[in-house]
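Below, chain A partners chain B and then partners chain C, in two separate complexes.
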Partner chain A sequence: MRKPFQAWNIILIATLAILFFAVLYPLLYIFKASFISTDTGAFSLKSYATFFKYPYYLRCLGNSIFVSGLSTLLALALGIPFAFFLARYRIPGKNIIRTLGTLPLILPTFIGAEAWLLLLGRNGLFAKGLQGLGIEMPSIYGWKGIVLVFTLQFFPFVFLMVSSALNAIDRSLEEAATSLGSGKLRVFFTVTLPVVTPAILSGALVVFFLCIENFGVPVLIGEDFRVLSVQAYNEFISELGGNPAMAGALSMILLAITLGLTVFQKHWVERKNYTMTSLNPIEVKRLRPLPTFLIWLFCAGVVFVALFPFAVVMISSITKTHGPVMYFGQFSLENFIRAFTIAPRPIVNSFFLATTSTLIGIVFGIVVSYLLVRKKGAVSYLLDLLVMLPLAIAGTVQGIALAATYNKGIIVLTGTWMILVLAYFIRKAPYSIKTTSSLLQQIDPSIEEASISLGVPPVRSFIRVVLPIMLPGIIAGAIIMWVTTLAELSTTIVLYYGPWATMTVEIFQRIGSGDFGPASAYATILILSVLIPLFILNRVSGRDLASSL
Partner chain B sequence: MRVELINIVKSFGALRAVDGISLTVGEGEFFTLLGPSGCGKTTLLRTLAGFYQPDEGTIRFGERVVNDIPAHRREIGMVFQNYALFPHLCVFDNIAYGLRARKIPKTEIADRIGRIIKSVQLEGLENRPPSKLSGGQQQRVALARALVISPQILLMDEPLSNLDAKLRLSMREEIRRIQKDLGITTIYVTHDQEEAMAVSDRIAILNRGRLEQVGAPREIYYRPESLFAAEFMGSSNIIEMDVKGYDQARSMVLAEAAGQSFSFSGPKPPGARVLLSVRPEWIRVVAGPADGEKNVFSGTVLSSAFLGSMVRYRVSGPGGKPMVIEVHDAEQENIRKDGETLWYKLPADRPLMIRD
Partner chain C sequence: MRRQVIRLLAVFFFLSLAFSGASQAAEVVLYSSNPSELLDLVSKGFEAKTGIKVSVVRMGTGEAMKRIAAEKQNPLCDVFWSGDVAVLENAKENFQTYKSPETAALPPGYIEKEARWTASNDHLMIIMVNKSLVKPEDTPKNWKDLFDPKWKGKIVMANPEKSGSAYAQVYGLHKLYGWDGLNKLIANAKVLDSSSLIYKGVAAGEYPLGITMEYAAHRYIAGGDKNVGIVYPADGAFMAPEATGIVKNCPHPEEAKKFVDYLISKEVEDEVFAKYSRRPARLDAGDTEGLPSLKQMTLLASFDPMEANRLEKEILAKWKEIILSK
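Coming up: the complex of A and B.
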């Protein structure tokens, strides 16, 4: 018998197939590879045995957990008061502080790392200046630098989650507690804090996740301090031909951690969130001048310390340089001229790859959102799982899995630009799917049915009536995909080959060779390419850009 | 066009939302599916429209079996409960949507839309977006959009339920007028029995996915075949009585409840007990148990309300269940107070017996 929605069934199967081959199969492939001995080709537990036997590997795991845990605690220490002060007290320039406070999370972390190297690295501006004064700064290299960058870049996640929880508290809740005879502090500790605790926990998990999967920061300033993501990359890329089994085993361990965190987040923390619709938000209080100043100093200070390094990078880009030596105060456009004339290829590559994968991602995102929202069924659960899975996979791991899987065999993608596009759209589409599917949820299905009953077939009905309504959300999602793809390093570094190096790869390599001037030029182009579209999006649609991440 | 449903079944998992319905809707007929929320009206209508595939049964439009024809090729006009207007298109483009899909020439589109806009009284609003229309206007656009494609069949799912009470009254008259003008076969869904009676040629009463009764409004009102139909169509007092005898010659049933006897005309009841459905307006309030007056009962007034055109009493009834009694044109009525005794007379010459 002919089924009415046949066209959508074909699309569903095609989508599942793409996800299977791009996400699940590569993971299974390296899972298998991690059990195959590199020498004999037989089944072996050697890689895992090695991991647990040698302190070297175990230390990587320990290091990862240590920097992530410490950074998370510090991010909470900054993010919670930041959110609380902004939500409750009157502070001069609050809106600017709030907007700037979310910026670090869209600026690439490895550029943050570069910036701190420029300031406190061996030839760093401050380091040298302080040395001249006879003050020895603690070294930025190793875990201290990693924790510093992580904390400053990820605290906005805590800030955002806690502020939305705080803003959802209705005035009556705290008033009820007060009327029951609680003092101010008691109200805070017995009512306010417990209500925002799930949000704090959520924020902490997100930060921990981002730290442990991060590659750019530890590889740039970790030096001998090795973490899992960097070690997996080293094993895979090693000049001695690499060790696929060991890289596979390390990837699996990292995957187990990130997956575990995600499952914990989904099934424990998110469910605990109190949903409240706040009718009367809590009054914003005006404090006496001194406390107001202190609070302002804290908030503005945090924002300044988090963003100042990026300004330094931008200044460096127009500063005269000679290798790692920067002549601050002497301006020159040479870095940009070199970037645009001698080596423009990475810029072109980045824009081409980001645009191509975003275009594919848009179509893919729309299709998946539609299937998730409108064609609910047994399969849609699987679809949801597969499409969101990349969010739980470290970029390095995804890169290694794809590169290893499509290295030989019927489909060879490793070493082509297509594998980059594939990785990008698979990894970034979930962001746009979140936006578009929540939008689609608000569109009444009967609008489509009205179109069908007027004689337009189902898929065409979707294109003609649902798509135009969703357009603003689709554009917002596309911009998010585009800018995050542009700033992608960890997957790219594993998958790119020679001519397809992107700006991020170029920046990474130039920092590695101490070539800070050109690195800053590319980084500046990257920063502006990220900020300008988001700024326009914010202006045009009034969307809170960070809410889409 | 005639619409014929033969033994339609549609289940959602274990729930049989439509449970074996057979119906025939005649050419040009205004046919209403009436029933409480959740009885399967929408499911049946959507099966007709082609949005659901029936699990069993056959649907015929005219002579053609349409089970395998997808929704977009069924040539149906459909009006949705929330109107489902396209929010990104103006009134004109909303109405033109179906015509453009049929590749009808521009001049003809303008012509047909001009006519339909006039008939639904939307002149001057052609360029408004739906968000700038009142509920009643949105309703008219939805109707115009469904009708302009000259469908053979018009389906409407509770089209008036989002309007306020006054507008509901005028819109239902208008829908009926347009339907009559066009002579289009219409299947209408509502849970409002008054609305159903006002517009329909025939009504089908649905209960839990099954048909309770099909018939003209008056037929169902005066001769409900089931307890459900009696209670759902208007309000009705249901009295259970013991059968005491049957007078073959005069076709009178003699029955009794709580020691009070009642004889009324009707066929011989099959069992020892009967269920009677007595409409509140059929009961007459009398001064007292006058000599010779038969079928007079008494009860205690539980409450009374003056509603303008009538007084409505709730009185303790013979079965123990309260009875509702309506006295129309009550200017001269001496309204009894709560707790007083009220004497009333049940009608003997009405068809009262229902199938349980």
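Coming up: the complex of A and C.
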């Protein structure tokens, strides 16, 4: 058995090396850069001193925490009742509501921001309608718009986590409380709520993390309400020369927050989880017509409002436009024709980059999953940490770290398409690893050992025997990698250069210059590119898509 | 089945690779920060006229300068169009001399001493007004009027640290009214991160007044937006020239020269003016419907792009200090 040991060890070392140079080293590099004065090149705490000296930077930090906190609370306020109603009561169209309720997760957040601008901006559709009635809309720009978009796009995380916890509760638990004389409310607050609390907390942490790392939404509708992720980007990229030290310092502060959240999640929240096997699922109650209608109204209303913006984007894409001015009610395919004839490159780029990084990610994901499941030990624990680390890093921070590290020296990647592929596969491979490793755990190692003992070399045994069984998990992981890469903005915006602009960058820039018509055309192409594969996946394997994210 | 999937993926992979790689048959390579539609207009026009294909690579001005400098040993780009003259001046060692016959129609100072860059278009810095939020009698007539405390929170301008055009505006105001004037403006204005947020915000009715470029404001007027108005300040609008240049040792020098001739020809400058509201640098250029001719307005004569370039670091450092302490 010497030989298998060697072959897999070489692969293990190579994998660790890739992760070290793609993840850890760039982070250490900007950590170091944040302590180096841009003027003198000597060690200096100036960047951090500047951060605490000026009210401007502290305001960015405060703003980040404020919008993330508020959005998290509101997402809980929507997500918990949504999950509870769907799990406990009979509602017409329940399955459709449940499926549609998870859709906001996979749609790019900044497209949601664009749609709300089209609807609620002062020149927006609602605002114009209300103006006719003599009502003035409050401005959507600033923190209100950011919180609105975050809440509507992230509440499904709370919904998914809470509903899986709710479904795991055994009927006997609540029945025992009731038979001991507790009222309905008392049962809810003393039995049901404590059991689902860890799930609520997990959901809240995920939402808070996604809010604080988000780049597209605050930059589009924040205007002069600046948050940390946007300011780090601003310091790094500037037409007139950036400041890597300050960008490094801001990145480190953001990283401290996101890493702190992840550690808290792993070591505190996950440990508090109750393990339960629900032998007797809770009965789904039928209520009287009026309460049923009210509950239905709430659930359907939430889904409608959360998805309405995407319909608006699709309608805008076929609306006649003249420069930045849109003529709603008059239709034309010109936006699409222009997207395909004048600037088709971003579409091709997006598909090329997503496909390439997914292909690399598949191979990488399979190898890492195998090492994690079959070669347990201290080294594989380290591997687990490293490979999951990108999930705890804000997209802009990862982008800044990679761009700063590989800007000069032996390996120059900044300004090439390779750095985009590298960033994508490092950031998205964890999704594939999650789906493949859970499948691999169910495969008995003796099948593989049988092949090896029959004389087939270990790596070939793996490819011939184990891989085919893992195929469903690999395909699911690949589709998730592909669609999330297509929708990626925060890392791309830091790393891309001109000719390699992706659809998300093109949409982002066109919204930026006020060209909503063409932006909506690209956005519609993007939305369809994301939805169609997911729909197929859902039909073919019957997977609950959002649960694998 | 599996093999077919793999084959399909491979085909897709190579197809996208083939699509994305710049085609080798390109005759002239253009790096530009101008909007896609404008680039489409000139590249199709040039190809129709000369049969030379234009391969367009779109990227920001700063980025293009970095690229051109990085490709010095092995230039990939032929022509850059267009960026603030100061930006080209700072990078002029990467451009080769070419005095186009068309430059005879340009004003003095619009071509570099050794003809390493040629100014092709002008940007006018103006005040953009949303008429639904500002009464005609209240509409400011001068830059100076923006310093009035009654406009507090109602003016937007872009961050000069992030945008070259915003720096040109700050430099012009500094020239006219010094730090005293700028301090008053900062007290009134909201400083936004990009120049596009200014015209977008004013057009959307988020802000009554914005300091921006004429062409950006005029796109809304041309699109049929009745609320957008342009004020040409009586104390002097600023005119910032934008330039083009041919990269030193470029792969297609002869085609590049023809392309530069084409860009600064009267026909193209007039068309770009009419369709994209970018003012021609040529003295013999025609007028366009809906935009006043330069003779009808006051320009700040002492606005000097080269001086702006020299003072940039100093002005921006002081600017940042004021903003961070605000």
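Definition applied: the second predicted complex is superposed on the first by the 542 of 549 C-alpha atoms of A that agree within 3 Å, B and C clash if a C-alpha of one lies under 4 Å from a C-alpha of the other, contacts with A are read in each partner's own complex, and residues count from 1 in each chain.
Just so it is clear, a contact is a pair of C-beta atoms (placed from the backbone, for glycine too) under 8 Å apart; a residue touches a chain by one contact, two chains touch by 3 or more.
Note that the structure is predicted; figures quoted are calculated from it, not measured.
Peer 1: Put the two structures on top of each other at chain A: do chain B and chain C fit, or clash?
Peer 2: Because the two structures are overlaid on the shared chain, the partners are seen to fit without clashing.
Peer 1: Contacts for A:D444 in the overlay, against chain B (first) and chain C (second): which applies, first, second, both or neither?
Peer 2: In the superposition, A:D444 touches chain B alone.
Peer 1: Quick check on the superposed pair: does A:N349 touch chain B, chain C, both, or neither? Answer first, second, both or neither.
Peer 2: second
Peer 1: Thinking of the overlay built on chain A, is A:V465 touched by chain B (first), by chain C (second), by both, or by neither?
Peer 2: It touches chain B, and chain C stays clear.
Peer 1: State whether chain B or chain C is in contact with more residues of chain A in the superposed arrangement.
Peer 2: Of chain B and chain C, more residues of chain A lie in contact with C.
Peer 1: Once chain A of both complexes is superposed, is A:I452 in touch with chain B (first), chain C (second), both, or neither?
Peer 2: Once the two structures are laid over each other on A, A:I452 reaches chain B alone.
Peer 1: Name the contact category of A:G409: first (chain B only), second (chain C only), both, or neither.
Peer 2: neither
Peer 1: Hey, in the superposed model, what angle do you get at chain A between chain B and chain C, Cα centres, nearest 10 degrees?
Peer 2: 150
Peer 1: With both complexes placed on chain A, how many Å separate the closest C-alpha atoms of chain B and chain C?
Peer 2: Shortest inter-chain C-alpha distance (chain B to chain C): 14 Å.
Peer 1: Can you pull the chain A residues that chain B and chain C both touch?
Peer 2: In chain A, nothing is touched by chain B and also by chain C.
Peer 1: Which positions of chain C touch chain A when the two form their complex?
Peer 2: Touch residues, chain C against chain A: 9, 12-13, 16-17, 19-20, 22, 31, 35-37, 40, 57-64, 66-67, 70, 161-164, 167, 190-194, 196-197, 199-201, 203-206, 219-220, 222-225, 312, 316, 323-326.
Peer 1: Would you pull the chain B residues touching chain A in the complex into a rising list?
Peer 2: Interface residues on the chain B side: 49-51, 53, 67-68, 70-78, 80-82, 84-88, 97-98, 101-102, 145-146, 149.
Peer 1: State the interface residues of chain A toward chain C in the complex, per the touch definition above.
Peer 2: Listed in rising order, the residues are 54-56, 121-123, 139, 141, 219, 223-224, 226, 230, 234, 238-240, 321-325, 327, 338, 342-343, 345, 348-349, 351-352, 355-356, 359, 415, 417, 497-499, 501, 512-514.
Peer 1: Please output the residues of chain A touching chain B within their complex, sorted ascending.
Peer 2: Interface residues on chain A, with respect to chain B: 1-4, 444, 446-447, 449-458, 461, 465, 468-469.
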